[in-house]
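There are two complexes below, and they share subunit A, which is joined by subunit B in the first and by subunit C in the second.
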Partner chain A sequence: MIKLYDYELSGNCYKLRLFMNILDVEYEPVAIDFYPGKEHKSEWFLKINPLGQLPVLNDDGFVLRDAQAILVYLASKFDRSGKWYPTDQPELLGAINQWMAFSDGITSTSSAARLHDGLFYDFDIEACRAGAHRLFRILDEHLWFEEKQGNSWLCSADHPTIADIACFPYVILSEEGGISRQDYPAIRRWTDRVKRIPGFMVMSGVFPAGPAFKQQNQEMSA
Partner chain B sequence: METLQRNWYPIASSSDLPFRHTFHGQLLGREFAVWRADDGYVNVWENRCLHRGVRLSIGINDGAELKCQYHGWRYANRTAGCTYIPAHPADAPARTICNRTYPAVEQYGLIWSGESPDGEPPQIAEFDSGVPFALRPIPVNAPADLVASKLGEYTFQPSARIDGDGATVQSEIGPAGCISLMSAEDDVASRVLFFVQPVDSNRSVIRGVLCECPEPPDEHAVLMHHNQRVSALRDLIEAEAVKLPTPEPMQPVIHRVSEELASMPQQTLSGRTAPLRVQVSRKWDAADGIAGIELTAVNGQLPTFQPGAHIDVHMPNGLVRQYSLTNGPGETQSYTIGVKLEPDSRGGSQCMHEDVRQGDVLAISEPRNNFPLRRDAIETLFVAGGIGITPLLSMARALGHSNLPHELHYFAQSGQHMAFPDVLASLDEALVPHLGLDPQATGKQLDKLLGGYEPAMHLYVCGPGPMLEATRRIAAEHGWPDESVHFEYFKNTNEIDDSSSFEIDLARSVMTLQVPAGKTILEVLRDSGVDVPSSCEQGACGTCMTTVLEGEPDHQDVYLNESEKSSGDCIMTCVSRAKSDRLVLDI
Partner chain C sequence: MTVCTDKTVLDQWYAIGAVAEMEAGVESHTILLEEALCYAIDGLGIPRAWRQSVGEQNPLPVQCAYGYVWTCLGEPSGDIFTIPEFFETDRRNMNAASIGVNVSAPRAIENFLDMGHFPYVHTDILGVEPHTEVKEYDVEISEKNDEILATRCRFFQPMASTASGGGADVEYVYRVPHPFCSVLYKSSPMDESRMDVIAVFLQPVDQEHIRAHMMLSVLDEANDDKTIRMFQQTIFGQDKPILENQFPKRLPLDPRAETPIRADKSAITYRRWLSRKGISYGVIPAAA
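Then we have the complex of A and B:
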C-alpha cells in the first residue's frame, strides 16, 4: 500500500491526493504536524526527507520526495490511459516538464504568500505577491491563446496532463495569500475546467464547480 | 465620478462568458458577478450574496440560476430573485430577497454595462462596415485617464502586413471617448478602437477591437501582434504610474436594502391586488381542452417565481382565477400557464379559452408560492391528475435541472390530454404517464407507487378533489407522515357551513369584532378596515392563512393537512370559522 506523508492544508500534498483520486489509486495518508508542530523538520522525518519538505511518497519501500517527481511516478505507474504523462510524445513531454517547473515558481511565490498570511511565516509578502502576479500574467496569456486555438489545457493536447495538476493548487489557493485572480479571466476559466475533470476532489479553500455536461456533449458531438 | 457612472463601458469580452462560467468583473470600484444563462441572457449583478456578502463570482452557474458557494442560496436568471434557501427547505423565500442587477448589452464582441448609464450603449459607425474583432483585454495597474492618454502613442501593423514594420499610425479620439487608431502601409490599412475600462482608481483594462476581422489564417498572428504591443505599452504605463501618488481606491456605495423591502409589505385596501400588466404573447392548444397561455411583461421584468407558485389572473369579465406557473428554472422572460376548459365553467375558464386572445393585456398579481418545493428529499414523487400537472411541471423541471431524484406520475385520460407535450418530452425518463385509468385502477396504481415510503421522501400531489383524497388516504395507509405529503386543490368543493356566529379578538390590532352567520372572518376584517392578503377566497390556496392564538377553529378549507388542522394554531379566514365562542387571531 502506498503511504503519503501528508499535511491537510498543503497544496503540494493536495495535488497528489487529487491525482491519486483521479487515477483511483488507493493510499494511506500519514498526517504530519506541519503547523504548529514543525514535524517535517523533526529528526525522524529528516531521515525520510533530508530537505525537510512535504510531500513524500513511500510505495512499498520506494521513497520519493518532490510533488512533481511523485506526479511523474504515479502517472507512469498507474495511468492506464497513457495520457497524463505521455512518454512517447517528445514535444508534449517537454511542455509538461516546462510547466511543472513553472509550478515550482508558483509555489515559491503564491504558496509563500499564503504561508505568510495564514501560518505567519516571515517572508517579504510584497515580493511574494508581485512574483505571483508576474507568473499569473504569463499563465493567463498562455491559456488565453491556447483557448483561441481550441485547447483547454496547459499543454497543447485534447486532454489534461500532470502539468495541469501541478499548477492548479497554488493558483486556486492564491487568494489565501492576498493574490486576486480577478485580472486573469483565462486562468479562472481553466480552473473551472480542472474542477470538472472526472475524479476531481476539493480541499479546504477549494470550491467545486457545477456540472457542465451539456457543453461536454456538444463538444464531443462537434 | 457621477458623470462616469452615467457612461457605458465594456466590462468583459463575449468570450469571457463560456458555458456555465461566472466572470469576476469590476467597474468604478464596484465588483460584478457576470454570467450567461443557458438561454443566452447575460446577467451583471452586484458581486455579493444577500445573505452573508460572499462573492457570487465564486458561485455556481447552473445555466438557470446562480448558487452561492457559502450557504447555497439560489438566484434566478434575469430577476436575481432568490428561489431557494437550503437552510429553510420547506419555505418559499420572500419575493423581496432580490440581488441588485446592472444593465448588460452584448455588442461588438464585448459586454457593456455601467453603474447607472444613460440610454443605450454607444453605436459605433466604425464597426458597421466590417466584422468587429475583439483583441485580448489587457489589465493595467494605472488610472484610466493615464492609460487613455498613452494609448494615443500606440503603434501597430495593419492586419494584412503584420510582419512589416513600416506602418504609419494616426490616432484620434473616437466615438464614446475611445482611442481610434488607423495604421496604414502601402495600400492596406487597419483601424483599431481602444476602450479603457476604469476598474478602480488605479486599475484599468484596455479593451481593443479591430474594425475588421483578419482573414482566417492571420487571426492568431494579429492577436499575438496586438497582445505583444499592448503588453509592452502596459509596462511603460505601469512604470510611469508607480512614480505618481497612488490614488485612494474608489468607494462604491453598497446600497442598503430599501425600507420598502426590509419592512413588512404595505397592506392594501383590497386583498387581491393585480399590480402587473402582462400581454398574452402566445396562446395555443397545449392539449385536448387545455389552452397554453404565455404572458409577457408590458413593462420591465416580471418578478421572480418559484416552482409551485401561482398568480391571480383578473379577467376581462371581472372574475379572478388562480393559475400555477409551469415555467422551468431561470425561464424568467415570461410566465406560462395552462387553462383547462371546464364543462361546468362558472365563466373563468370559458373566458380564458374564448375571449382572451393573443395580444390582449391582462392584470395579474405577483406570483405567490403556497406550495413550496423542498430540494432536500432523498426522492420526490409527483402525482398529477389532469390539469393538476401545471405546478408539478415547474417542480419536476427544477429538480430535473439539478439532477435531483424524482418521478412525475401523470394520470390523464389519454395522450391527447397530456398538456405541454414538448416540455414533457424534455423530462425524459422522470415522466411516467398513466393513461385512461378509471378511479379503481387509479387507486390500484397509486397503491403500487406509494408503497416504498422511506424517511426524507416527499410527495407532491395536485389534481381533481377525489383523486387527491385517494392519494392522501393511500399515502397515509403506507405510512407517509402528513409533513411529507404536500398537496394543492384546484378548488374547495366542501359545502361551507357559515351558520355559526362568534367573536374574534385581534391581538395586534387590539380590536374585538363580531362575525355573524353568513359573513366570513375575512369580510368582517375588511369591513372594519383591517386588511389581510387573500387570493382564491374559497379555502384552497392558503394565502389568507392566519395564526390562531386562542380558541378552537372550525376548519372548512382544503389547504391544511390533518395535523395542521388538529394543531388548531392556524386558520383560513376566507372560509373557516370558530367552534368556540371566541378566537384570538395574531393580526
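Then we have the complex of A and C:
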C-alpha cells in the first residue's frame, strides 16, 4: 500500500491527503513529528529525503518527494477520468504546471508566515506577508478574469485540476500567518468551490463549506 | 522598566519553553509580557533566565516544572500550582507542543474551558452532532487554593483520546489554578478510576498574542509519544482559527459585554475571578 510520510498541520501533506481522498486511493499515513520533534531532520528520515522535507510518498518501493511531483504521479496513476492532469492537452498541461510552480511561491511566503507565527520559525515576517499579498493579488485577478469567461478553476477547463489542489492549502491557511483574504473576493469564491469538490476533506485549521451552500447548489442543479 | 504594569500578572510564574526542546548550554530567546528574554539549561538540568536588555548577570527567578522552564518578571507571589498526577510513575508525561496563537491569554483559557464547541470544531473526535448538549455541571472557586474547579462535566465523545476504542460519555474536571493556565482531567479509557491530564500553560507574549504550551500526563500503553502528541496537535490546530477570530481579542470582564448561556457557567466564574483579582492585562476591565 502507498505510504505517506505525513504531518497533520502541514499544508503540503494535506494536499496529498486531500487528493488521495478525492481519487479514493487508499494509503497508510506515517506520522512524522515535524514539530516539536524535528523528525524530518533526523538521520533516518534524511535517508528517505535528503532535503529533510515533508511530504514523501512511498508506493511499493517507489519513493517520491515534493508535493507537486507527487500530485502529478497520483493523477497519472490513479485518475481514471484523465481530467486532473490531462497529458493530451498541451495548453492545459502547461497552465497546470505554471500554477503548480506558483504554489511553491505561496509556500515560501504564506506558509513561511504561518510557520513564523505558529511555530516560531526565524523568518522576516513582513517580507513573507508582503510576498504572499503580491501573489494573492495576482491570483485574485486571474480568477476574476477566469470567472468572467465562465471558468471556475485556476486553469481554463470545466473541471478542477491538480493546480487547484496544489494552490489551495496555503491560501486557505493564510490567516494563521496574519495574511487576510478580505481584499481577494475571487479567491474567496474559488476556495468555496474547492471545498465543494466531491471527496473534499479538511485538516486542522480548514473548515468545510457550510451546508447552506450545498443545499443551494443542489437546488441550482435541480 | 517593565511594559506590563499589572502587578498580579507580573508576579505570576510563566512557562516559557519545554526542557525537552532545549539543548544544554544553548540559549533560547522568547518574549514574555512584551519583554525579550533569554533562557538556557546546563548539563545538570539547572535553568537560567534573564532579560535580554539587562543581561545574564541579573538573572530572573527560574525553575523547572512539569517539563518546562518557568520564570517570573515580578516578585513571585507563591509557588507554581501543583499537578500531583504528573508524579505518578506509570504516566506518560510529555510536551505536546508550544504553539503561537494570535489571541489574548484569557480568551484562550475560556475556549479551553468550553465544551459547547466540541461537536462543531472537533467533529468526530471530541464531539459529534446530534450530541451537542452541555449537561449541567458544577463550578466553584476553591478558597483554600484560590482556583476555579469545574466538576461533573460530561460529554459524549466519539474519540476522546488515542487510547479510545469508540464513542463514550467522557467525564471532565477543569482546574484554573493560575490566571493564564488551566489543567483538564478527563476519564481515562485505560482505567476508569483515573484521569488523563492535559494542561495548558499560556505565556502571554503581549496582550493579544500567546505561546500556548501543552503538557500531557496520560495513561496510554498502546501508542507512542508521537501519536499522542500529534493527536493533541490536531485538536489544537482545530481550535486555533476559532481563537484567532475572536473579537474583541481581549476578554471583556463586564458581565453585560457578551451574552452567556447556561453552558458558559465556568467562563462566567473565570471572568468574575479575573475581575476580583483586578487583572487588567489581556482583558477589557469592567467599568468601575
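The definition used in the following text is that the second predicted complex is superposed on the first by the 210 of 222 C-alpha atoms of A that agree within 3 Å, B and C clash if a C-alpha of one lies under 4 Å from a C-alpha of the other, contacts with A are read in each partner's own complex, and residues count from 1 in each chain.
Definition applied: a contact is a pair of C-beta atoms (placed from the backbone, for glycine too) under 8 Å apart; a residue touches a chain by one contact, two chains touch by 3 or more.
All of these numbers come straight from a predicted model, not from anything done at the bench.
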First (subunit B), second (subunit C), both or neither touched by A:E141: first
Subunit B versus subunit C as contact partner of A:D24, first or second or both or neither: neither
Which of subunit B and subunit C A:D117 touches, first, second, both or neither: second
Partner chain in contact with A:F207 - subunit B first, subunit C second, else both or neither: both
First (subunit B), second (subunit C), both or neither touched by A:D158: neither
Partner chain(s) touched by A:L9 [first = subunit B, second = subunit C, both, neither]: second
Contacts of A:D33 with subunit B and subunit C, given as first, second, both or neither: second
First (subunit B), second (subunit C), both or neither touched by A:E176: second
Residues on subunit A lying within both footprints (that of subunit B and that of subunit C): 207
Contact set on subunit C toward subunit A in their complex: 18, 20-21, 95, 97-102, 211, 226-227, 229-230, 233-238, 240-241, 244-245
Contact footprint of subunit B on subunit A as seen in their complex: 141, 144-145, 147-149, 181-183, 185, 188-189, 192, 207-212, 214-215
Interface residues, subunit B side, partner subunit A - complex: 12, 15-16, 18-21, 23-24, 26, 38, 58, 60-63, 67, 69, 136-137, 139, 203, 219-220, 223-224, 227, 231, 403
Interface residues, subunit A side, partner subunit C - complex: 7-9, 31, 33, 35-37, 39, 117-120, 175-176, 178, 203-205, 207
